[in-house]
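Both complexes below contain subunit A, partnered by subunit B and then by subunit C.
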Partner chain A sequence: MRQRLTLETAPGPLEHLPFRFERWTDGRVLVTNMVGEHVFLSEAEFSALADLRIADPALLRTLRAKHVVRQRGETLPVELLALKYRTQHHRLADFTGLHMFVVTLRCEHSCGYCQVSRRTVARTEFDMSAETAVAAVETAFRSPSPHLKFEFQGGEPLLNMEIVRLVTQEAQRRNRDEGRQLAFVIASNLALLDDEVLDFADEHDVYFSTSLDGPQDLHNGNRPRPGRDSWERTIAGVTRIRKRLGHHRVSALMTTTAASLGKVRDIIDCYLEQGFHDIFLRPVSPYGFALRPRQRRAYDMAAWIDFYREGMDYILELNARGTPVVETYSALVLKKMLTNANPGYVDLTSPAGIGIAALLYNYDGAVYASDEGRMLAENGDMTFRLGDLAEDSYDTLMTGAALLDPLEESYTGSAPQCSDCAFERWCGADPVFHHATTGDPVGRKPESAFCNRNMAVFRYLLDRYTADPHARELFHAWAAR
Partner chain B sequence: MISLRGRALSATLDRPLTRELWRLVSDKIPGPDEAVIGSGGGTLNVVRSGGDAGPNTVVLPPHLDHLDGGDIIAVSPDGRRIEVLWRARSRHNSLLLTERCDNYCLMCSQPPKERDDSRLLRRASALVRMLPPTAHELGFTGGEPTLYGSGLVSLLRTATQCLPDTEFHLLSNGRRFADPGFTAEYASVRNPRLMVGIPLFGAEPSLHDYVVQARGAFDETVSGILALAQHRQRIEIRVVLQKNTAPAIVEIAGFIARNLPFVEKVALMGLEMTGLARANLAEVWTDPYEYRNELAEAALLLRHAGIRTDIYNHQLCVLPRRVWPLAVRSISDWKNEYLSACMSCSVQEACGGLFASSAKHRHSDHIAAIPHPTPRAREAISSAQPQDMVMPAPP
Partner chain C sequence: MSDSMPGRPDAVLTLDAAAHPADIVQRAAYRFSDVLTVELDRNGDTLVCRVYARDPQRLGSAIHDLRAEIVDQVLRARIRDETQDLRNLVLSVAFSRTGLAGPAA
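Let's turn to the complex of A and B:
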């Protein structure tokens, strides 16, 4: 007769694998392993884990399966952790994929929260020159990334279509030998969209991204322009693009202003009415004009967190009723929480996304580590100005202290508080934000709106994930996008 | 139920047969390895149970009367024992390569026997050479075929050369693939139509090792899967739901999704009431109705990880409707049965029914007719992009 193995066969001595934890107010403890897989434990279970006296065989199995503990000497858990960790970081080797071109500072809108010190329509000295544009394309192609995304912004990029065309054609010409995957996006309020622009977009596979803050009165209040018809023009533009190029060729971004608070359901309904099933509940950015204190649109992060929670409750309710809607930021977080993929979203990566995930070429030839870095420069703070296309090569731009120092200092794996944070694998480093708000690329996380916001999002998503099987299934679907 | 082996009613032979494998033909002059089914005239003639026993003739027992031209049988030298190895009309033929195994699963349908049966490997190699190039699919099972090491690789190489268009499916416990030398040799067959199906019964060693009754098996199996992935081999993971694995099914699915997302397919399988499953009934039986929600959650979790996931041997009436599109009507035509409840069921056509062994020995207490069908379009469940892991290059 064979010797029977029993299920309770006691394993050898245990040891911890690296893990981090966070207490919940209801007494549960969140435990995450070194790649961000999570499990909730009761206080008693957590003590058992801490003391490595785990009597409950089911708990022990879960902790071994989640790579929180191992039997002494076991190598497979470490091998699997290494695979997952390597997979989470492999995008780093690709370097910069997103290349933003500020083709003009001119704009015919005068939005209160604008991140750009816009210029009036007539002043062409704020347009990018052909020489600068070609040098920027050259620099973009120095990045080893197999995917290059060219994003045109402003100001209002439709006011300088000449340069948009030049960059697109130049990139496509260069790519004939290189065979990379190129993508082109125009970030525009669409007020100036015409047939010529659509012909161009059609011919070159260009996508549009536009601003839509919600219902008509809210949007027009946020986004003044002569005639107070920004919403009407945006909707008309969206309709034209969809008719001509297809539904998927235009996406919309919203910004939460003080006027949006309390209106999250109306905003989501507006998106659905307009045929958008992705919505990004985005807090107002603290840069540019929006950084000005005491402006009437200011609100604190706690107010945004309530706004987000209410919006997500509504979105989950809509999905349960059969209307698919995705909250884009949550979907990015969930991808990091539930898979090993790194979506490469600039604000949610560590090392930070500045420079190595995105570069910004300003109209005047200055190169910035991010859009926000340029905003600071518009206000006199040159910290994130990496150099100038006329003087610097790709190598000097990417290896200068202006980029490497904040990258290294803000790295969440070593930054104070982040390195001990149970959410670290899902979070990101935002040295520009923390520099802008505290004068230091690391910042003090307990006071950081960036940290407060992300913690609130992580906690909300985890609570719904554990409590509600419907949400859990939906979250896995979002993570898969 | 159609059986695949039996004793002849009678056999009249001039002299003992010197070859074992015979392809049945009905409408052409027989070649040297072909037996005529129906009328006489060949080196060997095979007639159905009611037919006349002429010279050099084997008379089939009634349960093998379904044999027909194109089928391949093994006949013992005295003509008395007959085994069906290839059924031309079936799309799922598989060959038992050995009864030896280094696992001893609690619910094994083919309980391992420790004895030299390498003649099965030689027979498989001969059979593969006899198959028509139109053969759709051929499975290799055990026991544990990889115990042959290079011998198995030679068979796979022969099969690849003889049958370039056939889909091959190897069933293995995966442990041998932990040996990088063996995995490299296996990969050197370079057959894009070869897939290996490997059972996984836990997300960590203790549960898996208990179910397969072998200490250290989990580590070897998972290392084997990783080694196969390094060589870009096609992998299917099979999870049998039974009393011990069912409560852990979401955890197992999560483990696969997070650690082994490169596998091509996961099969979530109901228990077949044969072999050791019957001997160990109390240790392995659980009513699928009890774990139906966890099964659905696990299946969808895998789907969202970009892994093709099928549910086998589960009756539609014990599955939540949202995973009906994943249920495969897998039980082959000659193995399935229906209960009286099924007769008034609106989805009987789409349902796999029950294994005959389940119908006879143990099945869910919740088999109940579905009064109104729901469409079970597979597309109803959107599938995600497959995810990859960044693997180091093979050694």
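Let's turn to the complex of A and C:
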């Protein structure tokens, strides 16, 4: 028998769907629905929404299209919101995809902002052993994720290539039966890059991520090493990787130090000169060595926000002139803001990304919920140490209070202020940052540098998106990457 | 909250307790906790909100911001209460067939 189509021909009265709002200083009100889709309203329009007295048919269409109101009895808005909400959370089912291996603490650099208690090159007792490496691979494969990324960190991982090779080969051996998508990344300063490393990277499809803080004098000032030639070696390494493996096989990350402030245009120009069209204007982290009194709070978040805004203004200007360049963090935010895709960036997820998006295996067999959790441990704070590969099973590591408590406490759906915040769907929980800076995984949001930073980024992006047609078009392109 | 706050408040707001539950005022005050702290006392139908400025020079605008935020928080609470069932419905549909939204034990 043919099924009858049911049409909603007799809509009930108008009613609100869940929404949140924030006021803008120019009088507009930002309204976001349950999945973070947004609309700006005038004060009068917002009052009409609040009182459900929406006389303007165009406004009513907009608010219905944005799932801010529905006519009672309509099921489509509920189904669409549910579908979008579920899509945004699909990565949770995959579980941990990023597995970081600290193969050594040794490093020949002595960067002032380094978050790790690096050791001198001769101290091989700070290298990961083969036994620990194999146990870590075993644990990584316990994750149900169909995509496993193995990231080698240090110290300087090129100082312990033996273990980088072992982990890569062991993972590939195991994967012959498992059939997952594997990716390998070496996070290196590239100073020690040689043909053997390049041969290995070529054979096993390994990518490189390096540090580039900007122009030569700024970079070398931030990243001292014997010979004072960090920048020259990094650039030489980038060139060799591109020549041998291809342009796309190396990416760069910068860290904003006090010396970077006021130089954002020079830093962006340097990236472009070196052929990098993605730049992540990244503030220094408040962890590990970076917490030492001499380094601590070398600048406050307000200074970084000015730095970011100036940088973004310049990036938009460059794009308008035909030079493509992307600010990576903004692109991640815009993907969340303008699409239902979840880029899976650990700092912009809730529940937090610790453990369930990333795990870190330290050289000594300790397992941490994140890279930053390991950095805290280097200063004696073991809060985010989940266990030890030699003693704990995967189940024990992933179901212990050290992971589950901060995940639950920091969840933005229930955290003070976050639960009411119109930006919540675009933001994330960062229990490690708040623990490091305030002593608890939630922190007080008005005083939180994490919250202040993200609020400033969201407001900047929305201001440009609504005021500048070119920025709007560009932001949609970034979001679709 | 207790009356352990030292010194005299920098400002006092007197609110209709029925229209401004303590939870609403606390949520509003939290948003300005980098600028001010508050102490609440229920006195019959009145909620007395004593305000202590962290920086007295910023008190003037902070009080206006706090008042405006209290009004917004009243609206937020109304929307939250009105839409609670719909929110739960969306979440239950979103996580149905995932094994995460089974019947309560």
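Here is the rule we use: the second predicted complex is superposed on the first by the 465 of 481 C-alpha atoms of A that agree within 3 Å, B and C clash if a C-alpha of one lies under 4 Å from a C-alpha of the other, contacts with A are read in each partner's own complex, and residues count from 1 in each chain.
Just so we're on the same page, a residue touches a chain if its C-beta (ideal position, glycine included) is under 8 Å from a C-beta of that chain, and two chains touch if they have at least 3 such contacts.
This one's a predicted model, so the numbers in the text were calculated from it and none came from an experiment.
Trainee: Looking at the superposed three-chain arrangement on subunit A, would you call subunit B and subunit C a clash or a fit?
Mentor: In the arrangement built by aligning on subunit A, the partners subunit C and subunit B fit side by side.
Trainee: So, A:480: does it touch subunit B (first), subunit C (second), both, or neither?
Mentor: A:480 contacts subunit B only, not subunit C.
Trainee: For A:83 in the superposed arrangement: first (subunit B), second (subunit C), both or neither?
Mentor: A:83 contacts both subunit B and subunit C.
Trainee: What is the contact status of A:61 with respect to subunit B (first) and subunit C (second): first, second, both, or neither?
Mentor: In the superposed model, A:61 contacts subunit B only, not subunit C.
Trainee: Does subunit B (first) or subunit C (second) touch A:31, or do both, or does neither?
Mentor: neither
Trainee: Contacts for A:420 in the overlay, against subunit B (first) and subunit C (second): which applies, first, second, both or neither?
Mentor: In the superposition, A:420 touches subunit C alone.
Trainee: When the two structures are overlaid on chain A, which partner does A:23 contact: first (subunit B), second (subunit C), both, or neither?
Mentor: second
Trainee: In the superposed model, which partner reaches more residues of subunit A, subunit B or subunit C?
Mentor: Of the two chains, more subunit A residues are contacted by B.
Trainee: Could you tell me if A:325 is touching subunit B, subunit C, both of them or neither one (first, second, both, neither)?
Mentor: neither
Trainee: Based on the superposed arrangement, let me know which partner A:447 touches: subunit B (first), subunit C (second), both, or neither?
Mentor: second
Trainee: Just to confirm the geometry: in the superposition, how small does the C-alpha gap between subunit B and subunit C get, in angstrom?
Mentor: Minimum over all C-alpha pairs of subunit B and subunit C: 7 Å.
Trainee: Taking the stated contact definition, name every residue in subunit A that is touched by subunit B in one complex and by subunit C in the other, in rising order.
Mentor: Touching subunit B in the first complex and subunit C in the second, residues 79, 83, 86 of subunit A appear in both lists.
Trainee: Give every residue of subunit C touching subunit A within the complex, in rising order.
Mentor: So the residues of subunit C in touch with subunit A come to 27, 30-35, 72-73, 75-76, 79-80, 82-83, 86-87, 89-91, 93-95, 98.
Trainee: Enumerate the contact residues on subunit A facing subunit B in the complex.
Mentor: Interface residues on subunit A, with respect to subunit B: 2, 4-7, 9, 11, 37, 57-58, 60-62, 64-65, 71, 74, 76, 79-80, 83-84, 86-87, 90, 339-341, 469, 472-473, 476-477, 479-481.
Trainee: Which bits of subunit B are touching subunit A when the two form their complex?
Mentor: 104, 202-207, 209-210, 213-215, 218-219, 222-223, 226, 244, 247-248, 251, 254-255, 257-259, 261, 293, 297, 300-301, 304-306, 382, 384-385, 387-391
Trainee: Considering the complex alone, what residue numbers of subunit A touch subunit C?
Mentor: Touching subunit C from subunit A are residues 15-21, 23, 34, 50, 78-79, 81-83, 85-86, 89, 93, 416-417, 420, 444-447.
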